[in-house]
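Naming follows writing order (A, B and C), and every chain is counted from residue 1.
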Amino acid sequence: MNLMKSLTPAAAIIALPQMGLAQEALIGEAALHTQYIFTTLLFLMGGFLVFFMAAGFAMLEGGLVRSKNVAMQMIKNIALFSIAAIMYWLIGFNLMYPGDGWTITGWLGPFFSTTSLDPVGVAPADAALDYASIGSDFFFQLVFVAATASIVSGAVAERIKLWPFLAFVVVLTGIMYPITGSWQWGGGWLSEAGFSDFAGSTIVHSVGGWAALAGAIILGPRIGKYKDGRVHPMPGSNLALATLGTFILWLGWFGFNGGSQLAMGTVGDVSDVSRIFANTNMAAASGAVAALILTQLLYRKPDLTMVLNGALAGLVSITAEPLAPTLFGALWIGSVGGIIVVFAVPMLDKFKIDDVVGAIPVHLFAGIWGTIAVIFYGEASLITQLTGIVAYGVFTFVGAMILWTILKATVGIRVSEEDEINGLDMAELGMEAYPEFSKG
Amino acid sequence: MNLMKSLTPAAAIIALPQMGLAQEALIGEAALHTQYIFTTLLFLMGGFLVFFMAAGFAMLEGGLVRSKNVAMQMIKNIALFSIAAIMYWLIGFNLMYPGDGWTITGWLGPFFSTTSLDPVGVAPADAALDYASIGSDFFFQLVFVAATASIVSGAVAERIKLWPFLAFVVVLTGIMYPITGSWQWGGGWLSEAGFSDFAGSTIVHSVGGWAALAGAIILGPRIGKYKDGRVHPMPGSNLALATLGTFILWLGWFGFNGGSQLAMGTVGDVSDVSRIFANTNMAAASGAVAALILTQLLYRKPDLTMVLNGALAGLVSITAEPLAPTLFGALWIGSVGGIIVVFAVPMLDKFKIDDVVGAIPVHLFAGIWGTIAVIFYGEASLITQLTGIVAYGVFTFVGAMILWTILKATVGIRVSEEDEINGLDMAELGMEAYPEFSKG
Amino acid sequence: MNLMKSLTPAAAIIALPQMGLAQEALIGEAALHTQYIFTTLLFLMGGFLVFFMAAGFAMLEGGLVRSKNVAMQMIKNIALFSIAAIMYWLIGFNLMYPGDGWTITGWLGPFFSTTSLDPVGVAPADAALDYASIGSDFFFQLVFVAATASIVSGAVAERIKLWPFLAFVVVLTGIMYPITGSWQWGGGWLSEAGFSDFAGSTIVHSVGGWAALAGAIILGPRIGKYKDGRVHPMPGSNLALATLGTFILWLGWFGFNGGSQLAMGTVGDVSDVSRIFANTNMAAASGAVAALILTQLLYRKPDLTMVLNGALAGLVSITAEPLAPTLFGALWIGSVGGIIVVFAVPMLDKFKIDDVVGAIPVHLFAGIWGTIAVIFYGEASLITQLTGIVAYGVFTFVGAMILWTILKATVGIRVSEEDEINGLDMAELGMEAYPEFSKG
């Protein structure tokens, strides 16, 4: 009996030859259906939570830019999500998961392979009963790629033109992210090499961070940011909004990491999802506390934006392995993430890389850290993890540099000096986010 | 075996005469219980997501009105939701679903029929095992009616008195919406005629839009909006908030459309919910992108508020049939919704109908479009769909005109000119939403 | 058959001796697994909803303080949540639920007992199949204790130093709340005495309220609040944000109360969760409407902040017994909560207790009311309920007074007069929440 208890119900059935065949099939079928529903539900829940991260990024970035660029940051964020949704359908999903239905024929020709959902009222015989519905899987994967694009928009804020930025998003979400994503999650070479990145510290966050770094370098810093050898802070216009954005991202991360268990239909799986929730929360908390204490020690004043970014860095850090660590493991992994951010932000300023919201420290540096931290808990070796980090870095950074450079050379990516000083909102959109509040 | 696989577990059991009766009943019972739990859970999840749309409407509207009217918009939104909750309990739910427990007796007399929930710890024998718990169903339906009322509050903002508006909400949510809702969702004549409106493009959104249109006409435009033959834009005071509201509405729409599957206990149903999530997201994305591109082409500058409303129009458009279309279908249906908004907003201005937030284009026009679009995917005929659209339109518009007129003739619905200029917040509430930010 | 129908599937199986033992065990096992997954899922969903209340408190408080103290309120809220997460792991959870794994040995010595989660991929034989995963339970309980701390931060806002406040949070979340929590939810003496507090009107909300009251008394009122025998209102700086916070709290309360059913795997349980959702919503709605009408009657102008607090008081009021009442019961319980707030806010001012956001009326007074209201629906006696109310009150208020006094006597808890006038943001953090909006 003990052995049977440790099996899933469906598996246990198969182990019971003394049952009648019809009953055996029937009960096993019912259990499989239930598992399918649970896992599909996990993707739907995880999906809407990660969807909401789009709002989180928008609020975080909208709060950290100056008020003259807030409307632009809003339009960028809603547009990038929308473009990601379309591009990932048009090509990305099947490019990333080639085994799941990629076909180079069809009316869109050899270059596109749009996503096809399960038919309406799909029969169990036609569904992936050991996994989940295509619609839920597609939705869940899609909100991940959008997160990658959101990371970029924060770093290059306050000086980039709208349309070239969106052109970059088209390529990033339709082609670049799906190609590198397929290396691991599509069953590609890194997956076979033993690389381990549970929910995407590298695959999602570092990729976004590399693309952001390339953009920030090619664009150059905002006017006046580095002048006379000094760094001139440009405080965010609405820290309440930035805090809201951080809380929304933290909320969404439960879906991000929890959903990446990719299964919720057994006792073991739902318990694992629970571990992931608890660890994810702990890493965020410890990242925030680490940044709080460290900024107090370093600057004698705690820094709210550092605390917000510390929480986010804690979240990114635990994303590569939110399951295996104990809560204490999540605590120290997240703390290191928070510490990294506090040191990395001024370091980027030393190199005159102007990352408006701190996206590069949070998503790239903490993403690398989280991917390395897997070796303490996962079964991956340091060498494999470094291979993955470097492979993603080289491909994405080089690809993004090329793409930004092409955009710069052709349509131009930076607004005019006058437009930048007046603010992108009036210059590019002809509107203001806060038209009535007079500026001090 | 293939046949069995295509049945739900519960149905399959019934097909197996060779099983012992007791076992048959037992396994079937377990499967039914599980299905009941899943569908109830769908309503609870869908319900809290749609509940949150109340916050979305509040933020959207609060961001699009001028700062002197923000506190009023906040109080209207929280009050209208609260009133809807009470009225729908007091009379609406049983009026809309007469078969589900309507009784004209009881201590409240023949005029009211309050909602009764399942008893605590309801026994399976007493529960609607083929559906869901009454509490979850009531909650899910209730948040829908609140959405209808929210639509109205945006269109008539910045000039309507608080209490007459709330009186309108009482009648709309307690009587008007439930009556028309019963035509279709209560199994009434339109349902029998074959009208098709999956989650309420017409039943919820157009109804709100018609009521809003009537209100905007009776109220007249804001002072200074149409002067000297020109339209004077009155920019929203906080576009970050408006963007947040849009994202929250988008989030809530997964519950709105997904929950309207009304079942999640089988492989087919949960897969359908997944289709709906994916399609809903695609329609929002394509509506946003369509509005983005179109405003760039028309005005040479993208318009953030149009993009926000484009996303919402995409959502409204897909609401009548979020299940049947392919993702490409959702894309083009949503795009048309976005395009409609861009053209309809200035059109309303031509008629000097002052819709502060664009609620009429988004909810009425895109709602009509979505209801018509069903004919390309659903089984409804154009004539049936038009019949429904006209029936809902005539009843709601005429009813709302009468109600607004009565309110205008008795208590008055519009604040004084002085109060409107000073802002409703100080005049009606004696407070300001942003008391410290000096106005430019 | 009727009897069987009224049993849960798992229980029914046990009642069927004629089935083969193996099949019996198998089907029962499957049903148990499914129940475990559902209840774990309830905690995960409830948990992320209650987590989001941290954002709700932050926005509510950030909207109700003056703009010069907003950044401080943000950092307090994200820090208190993070500290709660760490302290509850370090000691609180096992202190509160001693039966669930408390052990005074281990490397942290006799003073700490950190939480251990289920192992990765826990086998069903090792899981609490009749309940839920440890991770989900821990996560769900943890977000409750954070709510308690959030309540305090609002009442003592605009004058308390950051670090002493956080030191208070360390003790409150790590020791005080867990000790009193164990009296009831840990199976302690109040639980045995028959005290009834379903989701924590007393255990969570009043405890937060008592701690807040002690803090507000020890701190004293803000400079200028009570001067020349009059109360000088200090309006919140952003009522849109405060409204958003209220809606988020309302949303989170579905998880707060619904999750406290602690089971979702049977027809009866999920139907009970549904009742709780519907009742929770009704109490919030009726609290809001009561405050709306009452402020209109008393002051001839509705008061938005009272309406927001009325909704919250309705929610607190129903929290002690959200299951047993009918919807009408929820309506009148919630209404009384809303009425209490409207009268209690000026009453506190009479005593010159300066509660910046109204946390004491909402959480303490309505919490007491809700705990008493149980006697009309639950099986608890008035005397038992009063015993619990007094026990929680004495322990928490006295403990908090001692703790605040120690902090005051040692490190000091109040900022300097100059810092208070200039605002805590510049004084303690060196930054502003809205640096660009000039103050009127």
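The rule we apply is simple: a contact is a pair of C-beta atoms (placed from the backbone, for glycine too) under 8 Å apart; a residue touches a chain by one contact, two chains touch by 3 or more.
Since the model is a prediction, treat every value here as computed from it, not as a measurement.
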### Query
Do chain A and chain B face each other with the same patch, meaning over half of the contact numbers show up on both, or with different patches?
different
### Magnitude of the superposing rotation for chain A and chain C (Cα, nearest 5°)
120
### Whole-Å gap between the CA centroids of chain A and chain B
31
### Task
Pull out every residue in chain B that's touching 2 or more other chains.
23, 27, 30, 34, 41, 45, 238, 244, 434, 437-439
### Query
Touching chain B in the complex: which residues of chain C?
1-2, 4-9, 12-13, 16, 18-19, 23, 27, 30-31, 34, 38, 41, 45, 49, 66-67, 235-240, 243-244, 246-248, 250-251, 254, 258, 264-278, 281-282, 284-286, 288-289, 292, 296, 299, 301-305, 307-308, 311, 323-324, 326-328, 331, 434, 437-440
### Touching residues on chain A, where the partner in the complex is chain B
20, 22-23, 25-27, 29-30, 33-34, 36-37, 40-41, 43-45, 47-48, 51-52, 54-55, 58-59, 62-63, 70-71, 74-75, 77-79, 81-83, 85-86, 89, 114-118, 120-125, 127, 129, 132-136, 138-139, 142, 162-163, 238, 241, 244, 428-439
